[in-house]
């Protein structure tokens, strides 16, 4: 922690700050410059002393406090080199490129099974589908709930594909765990800490979507919540952030892929469907994700997007998904990834 | 709903779209222009047909679909002129300017009671204080929980001020309702729909903070969730949005005050503490909120910010809060507000 | 400048960084912590050594470089307490609250003169009007050019009000100086450095609008460009920044007012017309600007907004402007400002 | 153009709007719905009637005006299928993948020539280098000016590679044209309309970088300015936009690549150096650009980034650039691109 004093800070004020820093358990290294005094505080973990920065900055004679260490530990690249999450026969985070595909929302048996079989035949590894759906509008469809979970379980039996589905309410974590192979935390819930703690105690892998407003640092801190609950099977998912651009639903932050790879050992996948919001842009965004080093993608597919109950505009048809898988294959080979 | 066809759409494609629009229950009014065909769809509520836009946009021969009506109904200005929320003797949304003040987090009896008495003497109407605290870092203090609620209840007895406190977990709504006079939904939970539904069934007023990523429209849709649960006592709170500016913690969107006033009948208050993140900017932001027409403010105050467990940098000292109240008074008079 | 080494940096790497820092003219103060080494570099002006941060960060064994000092000097609060810009009998930056008003664009004599006389009678101090207009669309009206300048000069004769008008092209600075009392640099040109240098050499005050993408720091650096050219008569203008909110044209950053006041001695005015983009929101935003401590406002007024060649939606009618001035007066008095 | 009236608009108000629409040259198609009246305006080019939307929205009885047509014409996909810009033997916009590489800034002969030869040997097609540099800080190096242009011309002789360099000041366009093969318009100047008009009259291709705040629509409108000047040789360059994320200098908007491809016939290249701001992220971003369908990249390379006068942190070393070219080759082949 580096504390920069205001110019003109008095010796008493400097002593006061030094004393406070010592009370937080740090050793102090003051540097008395010409224009101002800088105090380096070392020798104690910053992680458990988050209030230190805020408190020191509340003093009128302190200009600025900079933290030196990252605000997360266990999900950091410095803690571990690589995490591989294994689900069924699928690996996320190793040399595989994991393709999760399926409808935004489970609507009925026919829609789900038809999609499941088609995406499997096309080469997808994991089936996605929402039973509990967050909807901006209270008037929208909110999913079939438990019935949707049961349909997903039957689709898994039918195809052998593991399933990933969203959980929104901490009271449902236990129930969803009975059905799902991977629990998905949606973008709106990235900082729903009670939910993070609850899935931290689950014995199922968790895919944590980035909050559409969240920095990499905040995202990794959210992952640290899950880790501290005891669950180390975490997959990160970049799904686009909110910017001023309105042609696309979100701005897919492709930088996140290599950035997370240098900051963390956790696998990262990309959601090109929400990341673009337009089916016509999904193939290019998927190829880009693979080329940028992502460990997989999660793609919305619907047999008839023009009849979908949600996210029709960004869902691929079965044919478009097949074409996409075909164009992914040679790229995966070049990138050294098993598809 | 206005559907713009791609240029070159064939008669069959136009008929297909017309047929779909009719199935959603709309009457169609096609306009065959030179460059493209536009189809106006009227005569049915758009509100219950959210999927229509998405589905139509998934068709390759549709260029763009624009909704004409607002995606919320009951919280709209068109539904009602004005809502006044009454808590204890305090009115939010009428001619009063409601001042909520207190510590970010309830730390202990001494800190809370001292702050409560000081803000009351300075003229605050409602006591704020967190018992359950959302923290970006899992290593931060997360509040005293039930013990914090009990301290808040005792501070209410001591001062007579109603209390507002945050609820984060749907499982805690019932408990928090036993203590709080107003339930606060924090920015991170603005789209936590299970929580919104739960407080929608509570018999206590709810203050809904704007998600730091949320548009006015999404914010009002979140309020509509609460309304549809049966709870019409809703206060909106502008607390700053996330932008590229880093000098301030958030960018306080002062436009939100008059904008919400023209879109909705719900009262709106401003949080200048989170809206700026710097105690030195809080007074100016508070005055601006009053001048812009806000129905109140919620301000963080701490006896010793440099010892606060959270948000020290943005908390006012007791003295600074007294000064702020003094400068608010003549302004309130000019603005026709009772303080 | 504080240089944080990567954990595991070798003694040679640390020596290399120390050597480089010394070559930039800094004294070094290394702090050998447990997890990493931190090197404080002091004793030299950071201002002239901008490349140091970039260069050091390019080294793989450097984790992070933090600058301690602000990247501007002469426009800083530390250089001077207060600047008052005087134009005609009007002061900007003292205890006056300067109201600049007029049409977005000078369209013709009748429109300009009618507006000029009306805003003057209502109490405005400075006449605004565009002769050269930046337009997002190449098909829009781009202003009358020199003819517009001449009309402005005649409006000044007629009313006695000084005039402010935009200059976009460095080749026009000399010409515009012959007519204008204040040169306006628009948001799109905040980082048009050749233009900044040119107006830096002008003998007329300059109003520098904030780039809609620019941080306070970048804005003040742009002002420093003008200052270094020799022109100290600079007014800053907050006009809204670009965010994800679409209901308003821009998000007026009211925090900028007190923030700039603590960072700089330059006066700051607010543009509520562009800051909101909606005439209905302009009055509230104007009052908020005054309450937040701004030194003035610049407001678009048009005799018939529904016939305006530009910015009709955000222009006040003559009546609405009169009403606004009336509501400003008591507020100005309370705030200790002469209107 | 679709005009939605406020609910409760009177017949007179509706007639007034209809009359105004007719005066703009449109035919009207009113639709009298239950909740409100909608008026479709067709039969005239919206492009030349930009003020119509603004003016109509200034009326209190109009709720919303939506434009149906795109605000640009000649750069639109609907005007032409594909533009290929040819420079020397290099094609941008066809099946080639054009690699532009070189130093951020021309510093001296040795630095430039060494870099030029190295990037050429590694397979780059076009040499980049700045003679006039926009710098946020007035204290930074601003380039060698004409001397830099001469060095670039000599590097072209030496290597045979065409050169691209930035022009910032309309007064320099003629001079820069004497040296450069492609004129670069930087992000800060995307809406510097006098500069756009000037390069519109140049006989050299122009690479137009996206403003860091600009939507696709505004970017294409800026390109339309150049086109209208008579210059059809335009290359677009996505270089990252400004968001809340601070780990990266900008957020590279990879969606822009396929989006621009469906909106416009102009070629689009990607700048992974500014798009990330970190040399460690540049290779992944470059591969992603190719996979997403970009027509090329422009990459900063420096023999010793830790001695660079600008942008050291985002410049690749000569070795890193060679490695990048090696990893691009198999990918280009798979994507059907000549490298």
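Each chain carries a letter (A, B, C and D) given by its place in the written order, and its residues are counted from 1.
Rule of thumb we're sticking to: contacts are C-beta pairs under 8 Å (C-beta built on N, C-alpha and C of every residue); 3 or more make two chains touch, one makes a residue touch a chain.
The shown structure was predicted, so the numbers you read here are calculated from the model rather than taken from an experiment.
Q: Steps needed, at minimum, to get from chain A to chain D via touching chains?
A: Step count on the best path from chain A to chain D: 1.
Q: Could you tell me which chains are in contact with chain B and with chain D alike?
A: A, C
Q: From the C-alpha centres, identify the chain that is farthest from chain C.
A: Greatest centre separation from chain C goes to chain A.
Q: Mind checking the centre-to-centre distance between chain C and chain D? Centres are C-alpha means, answer in whole Å.
A: Whole-Å distance between the two chain centres: 25.
Q: Calculate how many whole Å lie between the centre of chain B and the centre of chain C, each centre taken as the average of the chain's C-alpha atoms.
A: Here the centre of chain C sits 30 Å away from the centre of chain B.
Q: If you average the CA atoms of chain A and of chain C, how far apart do the two points sit, in angstrom?
A: Each chain reduced to its C-alpha mean, chain A and chain C end up 38 Å apart.
Q: At least two partner chains per residue is the criterion; list those residues in chain C.
A: 213, 242-244, 246
Q: So in the complex, which bits of chain C are touching chain B?
A: 213, 215-217, 241, 243-248, 251-255, 257-259, 261-263, 275-276, 278, 280-281, 283-285, 287-293, 330-331, 333-335
Q: Flag every residue of chain D that touches chain B in the complex, lowest number first.
A: Contact set of chain D toward chain B: 2, 4, 7, 29, 31, 33-36, 38, 40, 42-43, 64, 66, 68-69, 78, 242-244, 246.
Q: For the complex, which residues does chain C have touching chain D?
A: So the residues of chain C touching chain D come out as 20, 47-48, 50-51, 53-59, 71, 134-142, 168-171, 188-189, 191-194, 211-213, 218, 221, 224-225, 228, 242, 279, 305-313, 315.
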